[in-house]
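Below you'll find the structure I mean.
Order as written gives the chain letters A, B, C, D, E and F; numbering starts at 1 within each chain.
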Amino acid sequence: MIEETRAQETYEVLREAKRALDEESKLLAKVYNEPAIFEMEAQKIFQKTWVFLAHESEIPWPGDYVLRRIIDDSFIVARDEDGQIHVLFNMCRHRGMQLCRSDAGNASHFRCPYHGYTYKNTGKLNGVPFQKEAYGPEGLDKDEWAMTPAPKVGIYEGMIFASLDGDVQPLEEHIGDMGWYLDFYLKKSSAGMEVVGPPQRWVMHADWKLASENFIGDGYHTQSTHMSTIKAGIMRVKSPAYLKDGVQILAGSHGCLFMGFKPGSYFNYPQSIVDSMKESLNEDQVALIEENSVLPLNATIFPNTSLLHSSMSIEPGGRSVPYVTLRVWQPMGPGKMEVWSWCLVEKDAPEDFKRASNRSYLSTFGASGTLEQDDAENWSGTTRVAAGAMSGSHYLNYSAGAGQVDPIPEDEWAGPGTAYPKNYIDFAQRHFWQTYFDHLMA
Amino acid sequence: MIETSLETYWEVYSFLMREAELLDERCEREWLESCITEDVEYLMPVRENRERGEGTGFSDESFYFQETHGSLELRVRRLETEYAWAEDPPSRTRHFVTNVRVAGGDEDGEVAVKSNLLLYRSRGSDPTADLLSAERRDVLRREEDGLRLRRREILLDHSVVMTHNLSVFF
Amino acid sequence: MIEETRAQETYEVLREAKRALDEESKLLAKVYNEPAIFEMEAQKIFQKTWVFLAHESEIPWPGDYVLRRIIDDSFIVARDEDGQIHVLFNMCRHRGMQLCRSDAGNASHFRCPYHGYTYKNTGKLNGVPFQKEAYGPEGLDKDEWAMTPAPKVGIYEGMIFASLDGDVQPLEEHIGDMGWYLDFYLKKSSAGMEVVGPPQRWVMHADWKLASENFIGDGYHTQSTHMSTIKAGIMRVKSPAYLKDGVQILAGSHGCLFMGFKPGSYFNYPQSIVDSMKESLNEDQVALIEENSVLPLNATIFPNTSLLHSSMSIEPGGRSVPYVTLRVWQPMGPGKMEVWSWCLVEKDAPEDFKRASNRSYLSTFGASGTLEQDDAENWSGTTRVAAGAMSGSHYLNYSAGAGQVDPIPEDEWAGPGTAYPKNYIDFAQRHFWQTYFDHLMA
Amino acid sequence: MIETSLETYWEVYSFLMREAELLDERCEREWLESCITEDVEYLMPVRENRERGEGTGFSDESFYFQETHGSLELRVRRLETEYAWAEDPPSRTRHFVTNVRVAGGDEDGEVAVKSNLLLYRSRGSDPTADLLSAERRDVLRREEDGLRLRRREILLDHSVVMTHNLSVFF
Amino acid sequence: MIEETRAQETYEVLREAKRALDEESKLLAKVYNEPAIFEMEAQKIFQKTWVFLAHESEIPWPGDYVLRRIIDDSFIVARDEDGQIHVLFNMCRHRGMQLCRSDAGNASHFRCPYHGYTYKNTGKLNGVPFQKEAYGPEGLDKDEWAMTPAPKVGIYEGMIFASLDGDVQPLEEHIGDMGWYLDFYLKKSSAGMEVVGPPQRWVMHADWKLASENFIGDGYHTQSTHMSTIKAGIMRVKSPAYLKDGVQILAGSHGCLFMGFKPGSYFNYPQSIVDSMKESLNEDQVALIEENSVLPLNATIFPNTSLLHSSMSIEPGGRSVPYVTLRVWQPMGPGKMEVWSWCLVEKDAPEDFKRASNRSYLSTFGASGTLEQDDAENWSGTTRVAAGAMSGSHYLNYSAGAGQVDPIPEDEWAGPGTAYPKNYIDFAQRHFWQTYFDHLMA
Amino acid sequence: MIETSLETYWEVYSFLMREAELLDERCEREWLESCITEDVEYLMPVRENRERGEGTGFSDESFYFQETHGSLELRVRRLETEYAWAEDPPSRTRHFVTNVRVAGGDEDGEVAVKSNLLLYRSRGSDPTADLLSAERRDVLRREEDGLRLRRREILLDHSVVMTHNLSVFF
């Protein structure tokens, strides 16, 4: 419950911050770490828009479920006997006990420990102990007292989203133009993608937005932040500036970054997957890959879901092995988040490739990842120094490319949205912050 | 925990102590070269919070570490560059190794060891620290220059890792 | 210092919540875990009404004292040389140092470490070092600078209460009709009751109200929450529904629950205590026990003090041994409390019975108690899932018995207040929440 | 701490390690049946914060645990039902047993042992954990199948227990 | 961001508290521990006035730097190639990363790990990777994007201060009359003072004001708080009341306390230092020492910097060894602070004296100090019991000397400000609180 | 960590255990008189957070403890008065001593020992506790009545000490 006055004052600060961003390409550092702003984000963003919860392949069988959160709200994501997916608020309707207390499992019913109400994995109230004694001859209205589903649920290419706002726009609209680009991650195989086991989870004293803005378009940081992995031969690139050239995409509220690869190398994917990819992508998409030898590297789906497509070496001098990781930057409070990170592989990929791909992922972008580590150091450092009073008047530079670089003409770029022909520019990051301010001040 | 000779225990204990000291003194290179076998398996599985009936919750697919000598070599090389920001300034770690148990030996000069590890990690000027708790299941092999780590499973007591990254060894 | 606007908005939320409870027997889950509401509780309840601090038998001798708290306010509960009991705010009047820093002891004076002011255990300022040098020839006005007593102190049958509001109603009025029922716990022996040693204390990440509402009348949870103890033979009952029948009492702001026992068994109390009980209780009370073979099981004195009267088995196949426990659900912050738990025994009970009774208590309702453990799991689980946004519109079912069950006619029930002839009903719990809202919105 | 033979120490140490492992692996039944004597006394007294002059603050009346074999049996039986919600999903515990000291022996094959226990307890998806600290004063008796726990006093370093219940053994 | 209403209500509470102090010499205990008040302190005091950061001798060489804080704001205090000292906000202008992450060192440049911007230790932006690619042919305006210096920086006798308010009065004015008294600490040697190594740092759950008010003039507590060190022979004084006589000084916003020494003993300073002191102090100051045999013991520079001049025994029966300690009571939040403590020695003192002086300091006023320990116990105890509701109406006695003791006539006291001829009086402490309220309510 | 005989290890271990027990039982006087040499050096240097290239960050000028027998005597005397408020009521401490390593011996009957120390400290009715982590580098000397502490360096893993004072020994 954030009260009016406070909201009002925060609003003033944000309006000026928005102006500075729009007119001067500057960002007020305070937005990285301020309790009052965090409360607004919870209300205006995480209670309004779509938030990613789980991947369908985490619950392949009837009865499978996983436990997920939107900030502090706990949800059971379950597949019922008919294969239908349900997202249910994890609170009993009787006295509010947490119904499911394990991270994952398989169950047709959820039994509340407190008084024994049982619910089907569809959310339907199924059993009430001594119902007549407690609630009289008619007993309880089973429909009125069913579990509360998430106000809105949507699935996009295996990605399960929910929204706390029943009036949110359809998920398809929310994804919009970004879908064309997500295909490169999610439709790389006609068999579809699947997760490799349960997600890694770890806590970071860093603001969720730092991670989202980094993944939407920060190609520039790689030459400094990740230098150690280049020197050590983990990232096999010719020069630290390997990511200078590429394409930056703004699509709807989202965005991504294309990276080039040696023509014909396809990130070192096995031929079988390259073929499968070309088969499952559409003409334009295939043409783009073949002609430009580029693939999307990192992407952010507003607000806090990111994807990364990369290829790294696992052994000294070894060939780099490609992988895709999907991650959620789950806010835990001002300046604090829980990272959820999955590795996605092509369902029809050879087993040994799956294993190698997962190893390539975890050693570079898992919690122990040699690249992830340094990103975490940056984001937590930034959050730390933004905590004080100085950041309230400290403006940051988001001007790269502003007034210097023009979008690629529509007829020269097959994809939707806006495409910029470089990577060391801040268009996508400014776009993230504009979207952010639009939500906060709506 | 099986019956074992005090001698074997002492040998194993000495190895684990030396190894912990090298890690706390940030001698990752020496650790790799003097304590690890060429064919090492170094694993830290992801753990989920599961119902009692479903076992310990450790995954056999997801790992925080799933290392070979080669991938450990890359991690050490990275730390040796001057750009490993996450560990420069370095974490101040302390490996509290307790409950050392010789869990078995086998013909080819290998011995299985379990130990409890409480890892204390302090960074920067932050007065609060991170505490990681785990059981380690090791297989040590006797080589010409003494015992070396052939296999290590780090079984965390966490379903959510409460430190911002795993940039140190266990 | 909760400020007006915020209080105002919280007030609106609470008014609608109150309406839903009154008209629809529904409770808004948010009240279980919300900082703004907790601030109001501190002000409107814990700074206004009576709160239990200690039992007289904890400080039997002149000079005995114990340290107690009302949320964050520390009080010394001391017995002076004349046997008089004083409740003194534990802050020195000079520079505010904590005067007493030990949980308990025996002292005629309290000496402040900082500058050495000494106070009698009556609160009287007794000594001021170098008084003339510091405060001139007259020195300090000893009366003006005495320790600050709790604004109001009252004792009911050995239970010492205090109130931070000097204008609170007399303790007798506050206890009111509930006294008739408390007698069954506190007057079970003509010799009176005494505590067994110092209280157990432990921290629970659970809202204090969940415990209070459970103890005021949740007979229904026993068949599910405590099933393990039935299966294991700790609770020696014929069926999980053992508590279905009984009597639920609403008395003043308080309430309790009666449970039947096998005629003549009297919870397995030694005959000497049964006789002593019948002697010290009044005619009506004795008649009730003898004719109906019932005793009060659990009770809550608003806001956060509960009593439990139970009988459990300590050894496999062993006879169950009766006990009484008194507990305080001390709020520590939103969704967090410190539990204080005592075992009460009859002063004149055989020593071996006292020991057995205490063992029966600690193995079932102490911090390691096999029943307590599962209550804690429920209350902390409920508090956890109530932390988010969903609980702000999530209503819980408190309708058991509503419109179904009528009170026992006055002429059929000897006790005061309102009595309902069943236990699987929510009258007492609804009553708790109505009382709660009345205080918050006063 | 008295002088003792390394042999006795080793025997005692091995027992404490095995016992801790059984508890951390949730083998309460095996723990009870293979480590505990029929006449065991298992005690955890309540501790108050008292002035230095008044001793350690442990009560001889109030206890968190005051167990016999029978009452331990009931606790284990409860855990064996499918309704022990407090420990299902189970806590992830780690018993860090250090400072093992043989404190004395007596004629009838009993040996007194002191040890320090740091109990790490993690539950659910909560990234924070509970840490309990205590000294344990044990009496072990040598029976046909080896040492067993005849008496244990768990002397907490807490005046307020900082975990939500004591549903695990120490 | 503290919002208006809340500030308004806090303001009311403070106004009444100020009145009670002015008219009745009473202090409202709540000011020791209240979140809303802490927020005001951050804004009205720590973002407005001068705060001590470092001593020049900590960074003697070009390139030397130390990392310091004002509450949550991180600053690099660096000496550039020309010996010039700079105080720079430790946040990169690009994406806000913490530029310097080590407590101290020597560097001509600071390189940001995130994207590799490098800044000179003067704050000047020096290098931007791939600048043209990112920011176009002109690149960035190096001046606009330099590091942000602290709004105001000042140095007084080697003490480096900064202010977050660019319009703060000049440091000289802020120090004002206090300078005359600080000389006794800072100009004891014509060679000047230097720190002994890096500061001790430790966390205390105590309010910063309790330490400041203690050091400004609490001579009275020594006879009780520090009794153990007298008994143990650490503090070599004839009687517990050794500090009863002396002189209490109010100077500007600051103050200090004079303590007598055995004529000719000069706190046991080596003759060389006594000579050096007399040489570097002015006539009046020397006269004061020689005629009255007094030296300033403890002092506080408003708001949170204190000095202590003492002499303690290191060995049983050993002669006491003098020392000076400088400390900052760094607020960390309501009721919590980080203590920074340095030992200052005369640059030209004999090495063995320096070592002995530092040992005398650390064993009595370091974190392990036998006197410091008991001060910490008092301050944390006071803070603890002030957390609740009772302290909101609990007034403390600050009346010592009020209406009893008159200032020393100007012609009898050579120093500036106001001097009182005793120590067991509260003039300096009342003065501290009046200054405090003036700032909060400005 | 050098090769050492089990015998020496056992002797050293026994000493460290006895010493820790005395401290946790608040027997500071007995600790000083039975465990410490006349010429003891007892040091706890201040630690700064420094870049990897600049070493461990320990100062050779600033110390939290820089004690001789005489200054330790004064600290103990103070605790023996009835006015040592900071430790009355006393802290409840637990010295968890692990990773004991004999690091070397020299001609004049001295032996160098390293150990890890996790110090648990609980005070008053505060349910939260302080945890201090350090490596201790000791030199023990064999005197007529057994081993005594000749030198101790307490190397904290903290750059900011997270407890409100250092009123206990390490």
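Following the convention adopted for this analysis, contacts are C-beta pairs under 8 Å (C-beta built on N, C-alpha and C of every residue); 3 or more make two chains touch, one makes a residue touch a chain.
Here the structure is a predicted model, which is why all the values come from computation and not from measurement.
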Among the chains here, which has the CA centroid at the largest distance from chain F's centroid?
A
Same or different for chain B and chain F, when you check if over half of the residue numbers at their contact belong to both copies?
different
A-B or C-F: which has the larger count of contacting C-beta pairs?
A-B
What whole-number Å value describes the gap between the mean CA coordinates of chain E and chain F?
31
Counting in whole Å, what is the centre-to-centre distance of chain D and chain E, each centre being its mean C-alpha position?
49
Could you grab the centroid distance between chain D and chain F? Build each centroid from C-alpha atoms only and quote it in angstrom.
27
Check: chain C positions touching at least 2 other chains come out as 3, 5-6, 101-103, 113, 201, 203, 224-225, 338, 374, 377-378
Note: chain B residues in touch with at least two other chains are 6, 49-51, 83, 85, 87, 89, 96, 98, 118, 124-125, 127, 131, 159-162
What chain-chain pairs meet the touch criterion?
A-B, A-C, A-D, A-E, B-D, B-E, B-F, C-D, C-E, C-F, D-F, E-F
How about chain E: which of its residues touch chain C in the complex?
3, 5-6, 8-10, 13, 29, 32, 34-36, 220-221, 223-225, 241, 244, 374, 377-378, 381-382, 384-391, 394, 396-397, 399-401, 403-404, 422, 424-425
Residues of chain A defined as touching chain D within the complex
67, 101-103, 113, 201, 203, 338
Which bits of chain C are touching chain D when the two form their complex?
101-105, 196-206, 224-225, 227-229, 231-234, 313-316, 318, 338, 343, 358-359, 362-363, 366-370, 372-374, 376-378, 380
Under the stated contact criterion, what part of chain B meets chain D in this complex?
1, 3, 6, 9, 47, 49-53, 96, 98-101, 114, 116, 118, 131, 133-135, 157-162
With touch defined as at the start, can you tell me which chain D residues reach chain C in the complex?
44, 46, 48-51, 54, 57, 59-68, 70-71, 73-75, 77-81, 83-87, 159-167
